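The structures come next, written out as structure tokens.
In what comes next, chain A is part of two complexes: it sits with chain B in the first one and with chain C in the second one.
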Partner chain A sequence: MLRQRWWKIVCVILLLYTFIAGFLGPVPALPILNETIRNFYFHVAMWFCMMIFFVISVIYSIKYLRKSDPVFDIYALEYAKAGILFGCLGLVTGSLWAGITWNAYWSNDPKQLGAVVALLIYLAYLILRNSMPDMDKRARIGAVYNIFAFAMLFPTLWIIPRMVESLHPGGLGSNPAFGGEDARMGRIFWFAAMPGWTLLGVWITTLRIRLQLLHDKGSYHA
Partner chain B sequence: MHKFIRSSLFVFAALLAGLTSLAQGDGEKVEMADTLRSNGKIYVVVIVVVTILAGLILYVIRLDRKIGRMEKGR
Partner chain C sequence: MILYVISTIFVLYLAMGQPEAMVWKGLFWMIQLFMSVNAVAKSFLQEGRGRLLYFYSIAGARDFILAKLLFNVCLMLAMSAVTLVLFLFMMGSPLQNSLYFVFIAGLGGISLSLVFTFLAAIAARAQQNAALMAILGFPLVIPQLLLLNRVSNIAFGDVLQGGLSSMLLLLIALDILIVVLAVILFPFLWKD
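Let's look at the complex of A and B:
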């Protein structure tokens, strides 16, 4: 999987399709949002990808704690970094979108605050790791912290945003990811945008993992 | 490999064809950026965005090859 080629071609095709269909495809005509509903293919996909990468990361952290194989620790770290990258992109694009449609780039909306708290917890994961020079200790404590950070996604992203009112879609019980788009957009989203963006993130992450593995091999030989 | 690229391009073209047939379905009169599209200018944006995407993808592909060469070098 790490070095195969077919899924990278699939990724490029799906992303190209997302970008072309995302701009030229049919969208519902909505007040205030107008054409900005097309952000659905880009902004919302960032958050879904972030969640997918954090799930993969926590799975590898648990694997590390069970087997103590340093390769699992590299996987957990690089997937967490990919998740943070996509989360930051989601936050910035959301803020830009809000600036036009809510008339404020930042309005301390519960969803904005929840997302920031979740990302800060993950940034602390990187800082915590780098504060320990001992490799085994770093990997072990990092893995434990990663599980805690993942657990914090439940209140910050999945529970609180559903309980309180907000300008963002999905207050008071509905799903924060959706609102406004229609079934035609949903098809492009689920079959092109989501797999395309996810594969791009996995591609970049596997490159970083391979580089890290090379780096580690080099330091063993030295 | 060439066969695979050719068949994947075909699938991509078929997807695009499906998209245009979908686009013909809605003829309601609600104010959207239709003028921009009928003037053809939305295509400029599409070209710009696709160019950026292509550049980023090429960058990642080159990085992939480079790391692949490093792996073979050992």
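Let's look at the complex of A and C:
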């Protein structure tokens, strides 16, 4: 399954379609946002992908705690890294979007701060792992912290920014992700952008996992 | 510990005199934060390997972590009381709703101690490094500190703070979440 080529080609096609339809297609004319609503395919999609990868990572962490298979630990680590990558990209795309619509790349908005805190928590996960040379201990404590970090995502990213006033859509109760687009954009988002970015992340992650597995196999036989 | 608190607050007083409300509030939470890091670090990381083995043989994992959490909560409540008294004594009292702030200080102390206890448990497994616990801990307590800051605004004046009850509930819910997570996850750490 990992070596097959069809889904990678699908991924490339979907992403190409997202880029072309995203930049050339018609979009609803919204006040303030104007053409920048096109960022919807990138910024929102990346945050969704980040959540997906963190969920996968925490599932593998739980699996590792139930049965100490080192493969689960590798999966958890690499998916967490993919989540961090997409989170950083989401932060950058959001910041670029803010530079145009809010006139400031960084405005200490609760949602932005929540996103930075969530990413810091996961970066601390990487630091924690690196501080332990013993493999089993690293895997187990890493798994425990991963679950804890995932649980902390919810207050920082979803609950607090929705409770306070915020420039980002979603402050004080409205929907933080959807509402600016029309049906056509929604179709492109759900059928092209989301699957495209998710498949790209899975592609990168599975390559890294295979590399890591080969590396481990090599070191066992050395 | 108490000496640490007294000396820190005294240095602050020398530096700032008697600051006005917002600065006072910010300084108070900073002192709480550093105090909780130190108090919890000392309580957990001072146990030698021998003593930890002894605990492992006589008590279950859940009981151990609950006991640690409870102990650190009580310790932090005592320390928060001391800090509050010293702050009021040395740095003046811009409080208007004092009882409310006492309650908030207690709640904040409990929240911080819970997070740092669990992190100390993790760090104790990872070569007993106190600096590691601090690195891990600061991002995790930022949401709580943010909430505590907003909630303590009310104690300083009759500011209409929107969504106050939901923020308080969220703080308490966060604490419960951390306790539950700690109780579930600690047995895995304990197996070492």
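Criterion: the second predicted complex is superposed on the first by the 221 of 222 C-alpha atoms of A that agree within 3 Å, B and C clash if a C-alpha of one lies under 4 Å from a C-alpha of the other, contacts with A are read in each partner's own complex, and residues count from 1 in each chain.
Keep in mind that, in the parts below, a contact is a pair of C-beta atoms (placed from the backbone, for glycine too) under 8 Å apart; a residue touches a chain by one contact, two chains touch by 3 or more.
Remember, it's a predicted structure, so these values are computed and weren't measured experimentally.
Q: Once the shared chain is lined up, is A:121 touching chain B (first), chain C (second), both, or neither of them?
A: It touches chain C, and chain B stays clear.
Q: Output check: A:25 vs chain B and chain C. Expected answer is one of first, second, both, neither. What do you get?
A: First partner only.
Q: Contact-wise, after the overlay, does A:145 reach chain B, chain C, both or neither (first, second, both, neither)?
A: A:145: touches chain C, not chain B.
Q: On the A-aligned overlay, A:71 touches which partner chain: chain B = first, chain C = second, or both, or neither?
A: It touches nothing on chain B or chain C.
Q: Considering each complex separately, which residues of chain A are in contact with chain B in the first and with chain C in the second?
A: Looking at chain A, the two contact sets are disjoint.
Q: Which positions of chain C touch chain A when the two form their complex?
A: These residues of chain C touch chain A: 118, 122, 125-127, 129, 132, 135-136, 138-140, 142-143, 146-147, 150, 162-163, 166-167, 170, 174, 177, 181, 185, 188-189, 191-192.
Q: Taking the touch rule as given, give the residues of chain A at its contact with chain C in the complex, in rising order.
A: 65, 113-114, 117, 120-121, 124, 127-128, 131-132, 137, 140-141, 143-145, 147-148, 151-152, 155-156, 159-160, 163-165
Q: Using the touch rule from the top, collect the residues of chain B that touch chain A in their complex.
A: Spelled out, the residues of chain B in touch with chain A are 1, 4-5, 8, 11-12, 15-16, 19, 22-23, 25-26, 28, 30-33, 37, 42-43, 45-46, 49-50, 53, 57, 60-61, 63-64, 67-68, 70-71, 74.
Q: Considering the complex alone, what residue numbers of chain A touch chain B?
A: 3, 5-6, 8-10, 12-13, 15-17, 19-21, 23-27, 29, 34-35, 184, 192, 200, 203-204, 207, 210-211, 214, 217
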